[in-house]
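The two complexes that follow have chain A in common; it is paired with chain B in the first and with chain C in the second.
Right after this comes the complex of A and B.
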């Protein structure tokens, strides 16, 4: 024991205080470092996704005058829709290829050393099909010459976006350096350029060979249908369960057991719910595979505990004095809950609901097991019948695209991640807005 | 009111609205109330006094069966309202509570408008046939709670925006809107400042004209000021019950005397 220094001054901190201050400064530094690391990682993640994916929202189009030759497209000359339908997309592809050569010749762009096939390969295989759809929608176009925007092939698109170069083309079986030289010349003549690509959000998925045509249309519809199913089922069931457990259920072993189970279910890996859904809904109940209905049911199972827990917390946060007040003037328990407790808990319940929905929207694993990973090109019909049509979902589409070999799909997958993140941010923003808006003091 | 005029109060023999006989209350293993016999007289203010934990609030909550919401609580004995046993199996506590209103310790208006606060009871009990009648009930209740003049221009403002004393009077208005026969008040002034307390006490005296009032209070001065009958609880026993003047000037039980002179509690 050393006696305290007799002449201790408040102006000079003693050794103990100095050590304490140093420890405090160190602790603050650790915290700051942790936050900075987190922000840095987030920035790197967002940076890589945005730099890879933003280009998916723009697409290369070749703009040339196309003569919609009546002799090729409508041999009968009757403009009869069933007759027009017999002309295949391939025939339209050949028509476009001829027009492209003509256009190049008209502009005086040299195509030395390139076969007609190589020139046609600058266009996407989907270009013919899109032009066909346009003509079928408006048969009056036949016989006229229109300025058509034609989808360029994935490699040409990659060249304009800087992904494909002369060096990479030399090793690539799908494109030759001479083709790229031609594209450069066409760019100089203003025949080809990047423009906004709404088809990325509306078009269905496309095959391995046509990354330029692949879109998120079916996935967005599928995800939206699943969210409808999840919302329609988990909101009433979740709120009813939370209200019963919080306001009416007696406290006994049975309700304790239920409580423990709900808490544990919230932590069960989502793929387990996928297996459950496969066994219960598809193998036992014989519901269709790949359907948003089944996906929604599986996600409902997964989301329910995650909704019940915050809903119960919100109900518990309503002060007991409100219940006393209502009971004290002779409201029944149900009136107390419906008139007073539930409205006060609603912002908390809705916030939990939206966060649960956002989690469900981003969930992939259970959907893989119930067949939503399939390649789907047809849009599902309108609900309710459309809920049973095959569809994919946004996160599964991302997973799907990352599995494909063509590097153009990396851009597509990153673009799809951006779309998914925007939806999630909108939902979380709605949750915050609801909380702010309906929060009440008491 | 003046404490010194205690003995001059009129205390003719009024009829009993509620009677309690041999009431026992258990919370699980805890025997909270033992053999309580009390009569609540018509148009009279009855005060329950006693140290904290003596069972006075518990007994109050037995009178409109608010204890039903506590699972571990068990009530024995007989409590009657107008001669009918309120713990009979056929009694719906919801109907009982419309006849035996309650005001709580902390002002607890609903987070709704002043109008909706008062109109809630009449609405759920179907006491008003139309909007005009409901308006009338609301005005009458707010007048009885001495709040009408202060809020008549902002009936649709939120009830939680009022001051503490106004909130408590709003809660009283809400309780009297269902025309109860008995009004229970659980320390209604403990969260209020002295001025608001004085207003509420004055109001209690006015309410006596129409209702039987039972008030639980920690303040012996308050009991002396507002009540005609006083019951002293201690350790779960009803120690003494009688005219307020007698309890405060000439207590029969030594424990009562110790409490009112400040030696216990």
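Right after this comes the complex of A and C.
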């Protein structure tokens, strides 16, 4: 009589083991599903931003020879700068429109059924202003014929990018199908084409009438200025606070209270800091509205707790033996901190600093209240005086553009998101690099 | 380590900057309806480089006038834009803060249009139809009852047999005020409901207005607290809905939207200017007289704002979709003579 085969063995798992194995497989599957869902959402987000926004980095330009006719641009013939300034951008626009018609005639492109106004409408209004700036910078151009790259209007740009079609143009009050036919013909003749658009990063914002000219120049400078202010204020204040609390402060109720409050402040919604900034810096201290200085001050308030907390953690991570050794050979407390503890904690502090700055860079809400959501055409001056000049900021510019009526701003807003993301990735990358390279573990 | 020195210099910098305040550039704030046109004007004004382009902020009429009335110092704004006339209490606040001389300039009109998805049905509305479709309670058999209308054809057989969904501006918008006054109250009167409600409530004027302007809350009239881009996005996802837009926004999106006639009139710059399209409102800018001569280019900018090139019948304002003032010359004279509000 052979014994009955055991109900289970190492090779044949029993029912409970099987159930446990299945549960484990399910558990891993849940995790995998969560990660895939996150990746999928990220992919959808990135996909939609990139597909909408990448085209903002290319722009349609019409290339034609433009005769800078001295009779129109410099009636006095003296090339006197103040006389040249009298000629308005509109006059330059008309000059360009005449040249465009002449260029079309020279290439033998039919413009039947289109009024001169319709042909001029292919060009951006900004083209005249840009040409005027070019001539004012170099009055020697007057009287010569130059090959000019002229910005095309937003609807024409949309047509070359596939956003505007003949079908949509039929219903669109801003462009006619006949104009698009002309654009197709011009494209065939090589007069118009998409090219790289550095102006998207350097030009100031533009109004609804010329979305094609809108750029991020003022916003990037404004954001950079704010980051300078945040860095200049929050690094010393944050590090000093962290060093005092970690190295010098006695442990008592009062320091406990401070500690709890710092943690609480880090969790306060950022809009609250905006309200505080409006009350303290603008209404009370009478600092100017829309200035990167005020934006930087508000963001400093917001960033400080977020810097103090990682800075304290970095200081805490330095082993006490280092302090003991320094004190043991006769260093003062200050020497111990400045010569030994702080350098060892520096990578951790800087990592926290960079991540705090990156958060501040992407912050919109507090800036809404202090007038940074403004239309600013002029670049702010050089710091320090320029810190008080009006400017906008990158996230605010995105917010601003999503509210514009002209559909061309959708592309602009997505392009600006890409720029902001690139800056954030660079900063976070720098933080990771610092941590990898210099952080010491004991 | 020079942390103390750094911190001190940063603070010194902050104080220095506050001394060099922003008084050398024109600051404009106010109505979000006027904002796009104000940016167009600022851009064109700056194009010629004689003065810096003004800084333009939105934020709404009320908030713009509040900032305007904070005082006459160089750190206050120079021009407030408004989609309604300044209120008496705002004038009082202004005067109390030392802003007594205000130049009021009417720059033109804005039309409010009803539009639906361009592929949908045509709508020919009247204020009475809109009132009957959207009011919270209507008079049925002499009694106020919850609005029973489910389809547009229920209110007016000539309208499409399509479910009623309307996106209207939320209460924080200036547009809502106009919508209530020119559409709901007018519709209430035209449909005869006003008389009936008067009889029911005992003739209390405020109660009648409240009953006339209350919107239904069963999901058929949806408040939009965002701007027109949000309304447009909602219509794209619900093609049967009808939305309230500014004329200028509609004119920028004619490929996606189809406009409804109101009382048989198609909204356009012309029909609003001649007064035949009923739903429109005046737009204003308020200029701080004390700042003229102090802020470079302020008077020039105000004059530029109402110049024929900008606000005239062929100007950029009409091009953008706002409606020029037929008596523009009077407004130009107001700026020229710096005529202040009495």
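The working rule: the second predicted complex is superposed on the first by the 432 of 442 C-alpha atoms of A that agree within 3 Å, B and C clash if a C-alpha of one lies under 4 Å from a C-alpha of the other, contacts with A are read in each partner's own complex, and residues count from 1 in each chain.
The rule is simple: contacts are C-beta pairs under 8 Å (C-beta built on N, C-alpha and C of every residue); 3 or more make two chains touch, one makes a residue touch a chain.
Being a predicted model, the structure only gives us computed values, none of them experimental.
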Problem - In the superposition, chain B vs chain C on chain A residues touched - result: C
Practice task
State whether A:173 touches chain B only (first), chain C only (second), both chains, or neither.
Solution key: second
Practice task
Please work out whether A:316 is in contact with chain B alone, chain C alone, both, or neither, and reply first, second, both or neither.
Solution key: neither
Handout entry: Partner chain in contact with A:209 - chain B first, chain C second, else both or neither
Key = second
Handout entry: Residues on chain C engaged by chain A in the complex (per definition of touch)
Key = 1, 3-4, 6-7, 10, 13-14, 16-18, 20-22, 25, 27, 29, 35-36, 38-40, 42-44, 46-50, 52-53, 55-59, 70, 73, 75, 77, 118, 227-229, 248-249, 251-255, 309, 316, 319-320
Practice task
Sort out for me which residues of chain B touch chain A in the complex.
Solution key: 64, 66, 69, 71, 94-98, 101-104, 106, 108-111, 120-121, 124-125, 160, 171, 174-175, 177-178
Fill in the blank from the handout: chain B partner, complex, touching residues on chain A are 250-251, 319, 321-332, 335, 339-340, 344, 440-442
Problem - Partner chain C, residues of chain A touching it in the complex - result: 85, 88-90, 128-129, 132-133, 136, 168-169, 171-174, 206-210, 229, 232-233, 235-237, 239-240, 282-283, 285-291, 293, 297, 338, 342, 371, 373-378, 384-385, 387-390, 402-407
